[in-house]
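Just so it is clear, A, B and C label the chains in written order, and each chain counts residues from 1 on its own.
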Amino acid sequence: MEPASRNLRTLTYISAALFLVSLYMVFFYAPLEVVMGQVQRVFYYHVSSLWVGMLAFLVTFIVGIIYLRTGNLKWDRIAVGSAEIGLVFTIMGTAGGAIWARPIWNTWWTWDPRLTTTTIMLLLYVAYLMLRQGIDDPERRRRFASVYGIVAFVSVPLTFFAIRIWRTIHPVVIGTGDPEAEGGFNMTPRMVQTLLFSFFTFTLLYITLLWHRVRLERLSEHMAALRAKFVS
Amino acid sequence: MIEINSLGKSFGHRPVLRGVDLSVAKGEFVTLFGPNGAGKTTLLRIVATLMRPTVGRVQVGGFDLASHAHIIRSALGVVSHQTLLYNDLTAEENLRFYARMYAVPESGPRIDAVLEQVGLARRRRELVRTFSRGMQQRLAIARAVLHKPAVMLFDEPHSGLDQDAAAMLDDVLKAVAAGGRTVLMTTHDLTRGLALADRVAVLRRGKIAFNQSTVEIDAAHFTEMYAGVVNG
Amino acid sequence: MDNISEPLQSVSTLPDVSAAIVKTPTPGTLRAAFAIVWKDIAAELRSKEIVTALIVFSLLVIVIFNFALQLDRTARENVAAGVLWVTFIFAATLGLNRTFASEIDRGSFDGLLLAPVDRSAIFFGKLISTFVFILLVELVVIPVFSVLYGIALFEPLFLLVVVLGTLGYAIVGTLLAAMAVHTRAREVMLPVLLFPVSLPVVLAAVRVSQGLLAGVEWSRISAAFSLVVTYNVIFLAIAYMTFDYLVEE
């Protein structure tokens, strides 16, 4: 098995290093929020995770289109890798949000538009991966997954609007609105810096993980081809 | 009329066709024999534009399959071992549907003519559900010749038929072929397949292992010859 | 596709064979689509399998909701639109499951693929016939629901929303059904794929229906109505552009 390329290894080290730095920033550099206390620190990773979740979904959408047009397998490898990573980050982000919400609002969950849309996005991710799992023929799997990636991604903004429209008649009963940047609290410059740095770190992390995953996919395909050749 | 060059087809990593070269001249009747799993159905499906080859080229009437499938389809008549008929419709309704799908001009008289040709004129108002297998096959052929195709593809048309039905089918096949049509047929029935054909080919493990004009073949010893090709 | 520069070598002058393929007409997409619709409806009229089963199923769902929710009069009015739409969704999903399944299981799908027509004709044909079947079911369910829940449902705008919402669901449903039919857990896969994607149109349709039943002024529900229409347009376009990729092999 060929080892990971030099660039990938360098990127991995850089990502790891940046992550450590961001940890420091989150816990020590960023100030303590007055009202919420320590639990507010979850915010930085909560938002960054969800950012990656959405970015990954967008990537899956785009490479799905490219795959359908070109038929080049590497795009589909990126699609499946992005979907898996996106799913994980979305789950992490949602869990982080729940952890943050509990002590602040005394509830794990609300049905506000953003949260609900994120949940739907999660379900779409799962559906996408289930679809891939359920098709044996690899060529068909790639084509179908690409189409579903397109359909699923387009539905997300529409879902958001639908829920928002719904909510204008049924106002949000619980809480002070979304705990996002513009709602729950005011951000000092240090907080902003920490947040932006977390965004950057997580994005880099996403790219690193994606690269590793694509490489793994390529190797496993290679294995399957060798195995098939050996058998026949 | 049909030119197949270096045709290869793999499902995932499993190769089914490994470089098939076959020509069917205009007006020629070619029977393709081969053991189960040799790839006969796959080959026929590719020529029928139902499947895309992994490698290689197929041309029908000078038109390339990959780019002009649409045109080729209007000149193709296909009979597979599935009847492609709708059980809940009458014979006539089935033909009317296909007449529409192929934009057959003056469909009324044309439908009458083909029903007459296959000997089902008196059963036209009966549901296909009530037809015997032999009758269904004959109606399937009627459906296939409805649009006056220049090329006919038959995938194991004798399967599931008793001697009488098979003999009746042979009459129909001869009539169909007599119109100057180009025919490519696969079958397990060595005797009938040989009797109907101008040329005979054998597909073995994804490649053509035998290809000869029937004039040069001794009908009495064909069974042994075939066994030799397949097992040798 | 019909611009052919070189004619096929004329096959022969024998009476039963086309002289030149270029002269063979191919049906327009819409004509072929309607041929498929006609075929599906004719077959259904004979067997009456799908529509009757869906009607019975829908009525059962309504009855179950009635008992499960144990509603008093006011609560019932509030959830009426929701219950109705959930019933429609369930029935529609079952109907959509059969759209391609019956063709592929019987092998007749090849017959559709062999025809010299644009692939989208198959999509539109199947969409329209499934849509018609679901509408027929709704046509029966709505009056029954009216009676059971004591709510008048025959306002034209309300019926319009039902039609448009159903259409939106059917468009995406037909596209995804073409995928689901090739997966291992076929009947389960379609809802898994379809429910989250169809949420916008279902939510919006319920919103409008609810508003209409409650007598809310139009300006407050017009946004939701626009969403239903927008959803239809967007996904019709997407389906048209991507269906080919689903049926080629």
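Keep this in mind: contacts are C-beta pairs under 8 Å (C-beta built on N, C-alpha and C of every residue); 3 or more make two chains touch, one makes a residue touch a chain.
Just so it is clear, the model here is predicted, and its values are computed rather than measured.
Listed here as common contacts of subunit A and subunit B: C. Taking the mean of all protein C-alpha atoms as the reference point, the chain centroid lying nearest to it belongs to C. Distance between chain centres (mean CA atoms), subunit A to subunit B: 51 Å.
Centre to centre, using the average C-alpha position, subunit A and subunit C are separated by 33 Å. For the pair subunit B and subunit C, the distance between C-alpha centroids works out to 35 Å.
For subunit A, residues touching at least two other chains, in rising order: 137.
Residue positions 248-249 of subunit C each touch two or more of the other chains. Residues 1-2, 4, 6, 8-9, 11-12, 14-18, 21-22, 24-27, 31-32, 35-36, 38-39, 42-44, 46-47, 106-108, 110-117, 248-249 of subunit C are the ones that touch subunit B when the two sit in their complex.
Touching subunit A in their complex are the following residues of subunit B: 11-15.
Partner subunit B is touched in their complex by these residues of subunit A: 137-139, 224-225, 227-229, 232.
Of all residues in subunit B, those touching subunit C in their complex are 26-27, 48-52, 61-63, 68, 70-71, 73-76, 78, 80, 82-89, 93, 97-98, 100-103, 105, 127, 143, 145, 147-150, 179-181. Subunit C makes touch with subunit A in their complex at residues 172, 175-176, 179, 182-185, 189, 192-193, 195-201, 203-204, 207, 211, 220, 223-224, 227, 230-231, 234-235, 238, 242, 245-246, 248-249.
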